[in-house]
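Same chain, two partners: chain A is paired with chain B first, then with chain C.
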Partner chain A sequence: MTMPPDLRDRLPVLLPFRLCRSKTQHRLGAGSGALLCVSLVLFAATASAQAGRVVPSTLQVIAKWAPLLLTGFAFNILISAFAMLLGTITGLGLGLGLLSELRPIRQVSWALTQIFRNAPWLVLLFFVMFLVPFQITIFNVRIPFPDWVKATVGFALPVMANVAEVVRGAVKSLPSTQWEAAEALAFTRRQTMWRIILPQCIKRMLPPWMNIYSLVTMSTVLASIVGVSEMLTLTAQVHAAEGGRPELFAPLYGFALLCFFLYCYPINLWTAQLERRFQTR
Partner chain B sequence: MDAISGWFQRLYESTGFNFSIFYDSYDWNRYVSGLKMTLILSVTTILISLVLGAAGALIQSGPSRLLRSLVNAFVVVFRNTPPLVQLFFFYFGLGTMLPATETATGMREPLLNNVGWAIISLSLFAAAFNVEIFRSGIEAVPKTTIEAAEALGYTRFKAYCHIVLPLAIRVCLPALNNNLVNLLKTTTLAYAIAVPETLYALKQIWSESQNVLEMMIVLLATYGILVGVLVWLMHRWERAMHIPGYSR
Partner chain C sequence: MTAAWTADQPMVKCTDVRKSFGAFEVLKGISLSVRKGEVICIIGPSGSGKSTLIRCINALVPITSGTIHVEGIDVTDPQLDKLALRRKVGMVFQQYNLFPHKTALQNVMMAPLHVLRQEKGAVEERSRALLAKVRLAGKEDSYPGELSGGQQQRVAIARSLAMRPDVMLFDEVTAALDPETVKEVLVTIRELVEEGMTCMLVTHEMGFAREVADQIYFTDHGVIVEHGPPATFFTEARDERTRQFLSQIL
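Here is the complex of A and B:
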């Protein structure tokens, strides 16, 4: 038995599903934000109470080493910016490859996208770190690849695949009438793509692109596993320099958490805001 | 089995491609135990994160403001900090604060070992995303359906378990699928606290046998297959849960 269509519209089984509903976005209100700060301070205080009087308190230790740790954090952001730049440029190319009219190009780009999207970031990072030589020689010119450059390339690979998907999704989401109108005005395919389709897509691509950026920033700490001296490596070294007291672990890593949170949360809020503003439906 | 190992042995002798795990039983056992650990990690974290996500979404639609803001803070914090730092924070920071016993030989025996902390930390990380996903699924359930359940005398919890959640899961399956694949990939982070999962096992093998490229290929193939299996299972589940007459 099927319902008549007008009744089905009035009594839906489920409403249309949208992942990011605008009204009740996750955000910290003043209350929960204050709660978070208080718990952080309390936490640091209990940790320092455990430490006793003879040794410097936890907050003093963090204050003492904060400049070094923040330099490490700046290095993380530098890596993420370069990885994003590299990944966006190559990803744009790969995304256009996914939309190519030539079958082989489409298939190769599809395979590349799938491989780099489905492999864990850490595995890709290992891949680049171990298989790219530390320097190459072209015409007697030695080009060195320090480890952080290799790490950047390692992060750029998954970014590339994700950006390619974003580009493809954005282009596919445009109404086909745009293509038809461009054709009617005698634009070539390339002109249509670069002058009509892609400019309209920027608006749609920006929020997911910023999401990817926030993901990359959070992934840059993986570089510490392969020996790049970024924030997490420095945190471990600072901990060792302070005598390796076990009660220092939580505040030091907590400080790292805080730095990343303060950087990524505003980006996330901004992304959500842009998403709301650009909502076309 | 012998044919396979013989073939890989000959491949090594003739071309130098050393897939040692396929003919060396010691390496093979290490690889399989690594694979088992990855499976244990992924299955437990997926289940725990689903339960936590559903519970978080229930609390978020609940009446208590305090609980709501707590869940909110949890989601915001865990979504916006790197999972690796979370893992270190839990394992090194909290792990050393927990009381520990001593073994007969005087070694420190912590309450939770590294596998336990990896499971907890990864589950919490994925649960933060699941709360968000389930919540948007719940928003797709019409208010009239919940009112009908109330009229039939369901309590809020019962209505959630029997009516709201089953409907919500059906709409948010694609998003959930994405997050679970992500979680499977994130289990590699457990490498950093020396959980002997696939990456760890293969790293050991390639440091001993000097066959980095070959083991890297095995590693990529392994994760490709694992992700493929998970996606296939989730698609089957999606088809089985399909609501007749409801499609987008």
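Here is the complex of A and C:
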């Protein structure tokens, strides 16, 4: 159907959504990152200036509780590191399953990948929290599963699925001539994968892998919902311990925000840098 | 079958080889044989199935019907030990296909080390000798990305030779090279021929084919139109298609 040109001009149209508007992506530079940190501190200071003199100032409160809160943050990092380790190992296996020559293995791996990639992380976390017992007894040996271990497993599941997809994508992105060359030299499929294909993929997998890590780190605060005493849980407890003063709300949570930002932002900068370097090659 | 093969029989024997990709028949009944120490060149226009034919010989491409025997090994046998076959047949590709994450020396050493599980010291010694043989002494620690096309292709030849194959397949190995580096690769291949290596070459280098080949096969549309020793092939081509092709290329 055609329409008169004057009418076409007046019709509202939905412009196509573009992920990257330009080639130079709008990334936070190191300078603006620092500016953001300073403004966060200023934000806290302003809040403290508004508070009365009778009660300790906001900065004093934060300084007092910082050791405890940072222990909580260390716990977040611990959970994220273990989740990443577990998720990477299992994800590599699952990714190889996606590339298997055997159809059933491929299908099962595909189903697992899709389930864990397309489920909200919190839902997966709940599942693991409530489905895994707090301890298992095997041959009279009790293996306890504390909450944080379960949370780690809960986070490892989506990591696994995402890593599997990264592995599959990287392997598929290599030219098939590499497989051919290895085949012609009488390498077995397994040897080709481990000695020729995967080593070449590491470079391609590194940036998306780091991206996943940064996402996991930020998601670890979800564990507070299921009662793991990580940073966000502790922040809420500290806030309550300080009498739940409303003016402390922003500074305390701002401190948590700052910690995560200072940890994840350099990772993202580094990832972007690696991506650029591998692109030009 | 394997035991029955003796050196006086053809090393590679193709009988009525047919290959289809879907409805498209690329090879329409190719028969040829290569004796030990013989060099054959396959020439012909693009899309005539030359590369497909050469890939069928080491089972990189499965054939639709017909038979291929390499030293008595039936390549079409469903129970074929592909790895055993490929240890006998070396292959060099148009695009070199070196492993970019390994140095030149490592590229050459990999297959003998991991496929043949030979002892590392001996493999290294032999690999260095092979690189020297293809005139790349001093480039052992260079990565493929640091080498020119001609140098990469010579590493690829050395890599293939490291498996001590009985037959070498060359799939348009100079087609992707700059004219000035073509020669250095051809010199390497000629040395191999002089040493008595059995070779099958798909090539567009007519001068070279004329010089090294014992037999020249001309393929067009999946059939061998004619073949013969170079002395007669280039001067007394009988078929119209061959004459036309030669007049375009010479």
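Descriptive notes on the structure:
Everything below uses one rule, namely that the second predicted complex is superposed on the first by the 241 of 281 C-alpha atoms of A that agree within 3 Å, B and C clash if a C-alpha of one lies under 4 Å from a C-alpha of the other, contacts with A are read in each partner's own complex, and residues count from 1 in each chain.
Everything below uses one rule, namely that a contact is a pair of C-beta atoms (placed from the backbone, for glycine too) under 8 Å apart; a residue touches a chain by one contact, two chains touch by 3 or more.
This structure is a prediction, so every number in the text was calculated from the model and none was measured.
Of the two partner chains placed by the overlay, only chain C lies in contact with A:187; chain B stays clear of it. By the touch criterion defined above, A:139 lies against neither chain B nor chain C after alignment on the C-alpha atoms of chain A. Residue contacts after overlaying the shared chain place A:178 against chain C, while chain B stays out of touching range.
A simple residue count on chain A separates chain B from chain C, and the partner touching more is B.
Contacts of A:120 after superposition: chain B is touched, whereas chain C is not reached.
Put simply, chain A uses no single residue to touch chain B in one complex and chain C in the other.
Interface residues of chain B, counted against chain A in their complex, comprise 69-70, 72-73, 75-77, 79-86, 88-89, 92-94, 96-97, 132-133, 135-137, 139-142, 144, 167, 170-172, 175, 181, 185-189, 191-192, 199, 203, 212-213, 216, 219-220, 223-224, 227-228, 243, 245-246, 248. Every residue of chain A that touches chain C in the complex is listed here, in rising order: 177-178, 180-188, 191, 195-196, 199-200. Considering their complex, residues 58, 60, 82-84, 86-87, 89-91, 93, 95, 97-101, 110-111, 114-115, 159-160, 163 of chain C touch chain A.
Against chain B, the residues of chain A that register as touching in their complex are 2-3, 8, 11-21, 24, 26-29, 31-32, 35-36, 115, 118-123, 126-127, 130-131, 214, 217-222, 224-225, 232, 246-247, 249-254, 256-257, 260-261, 264-265, 268.
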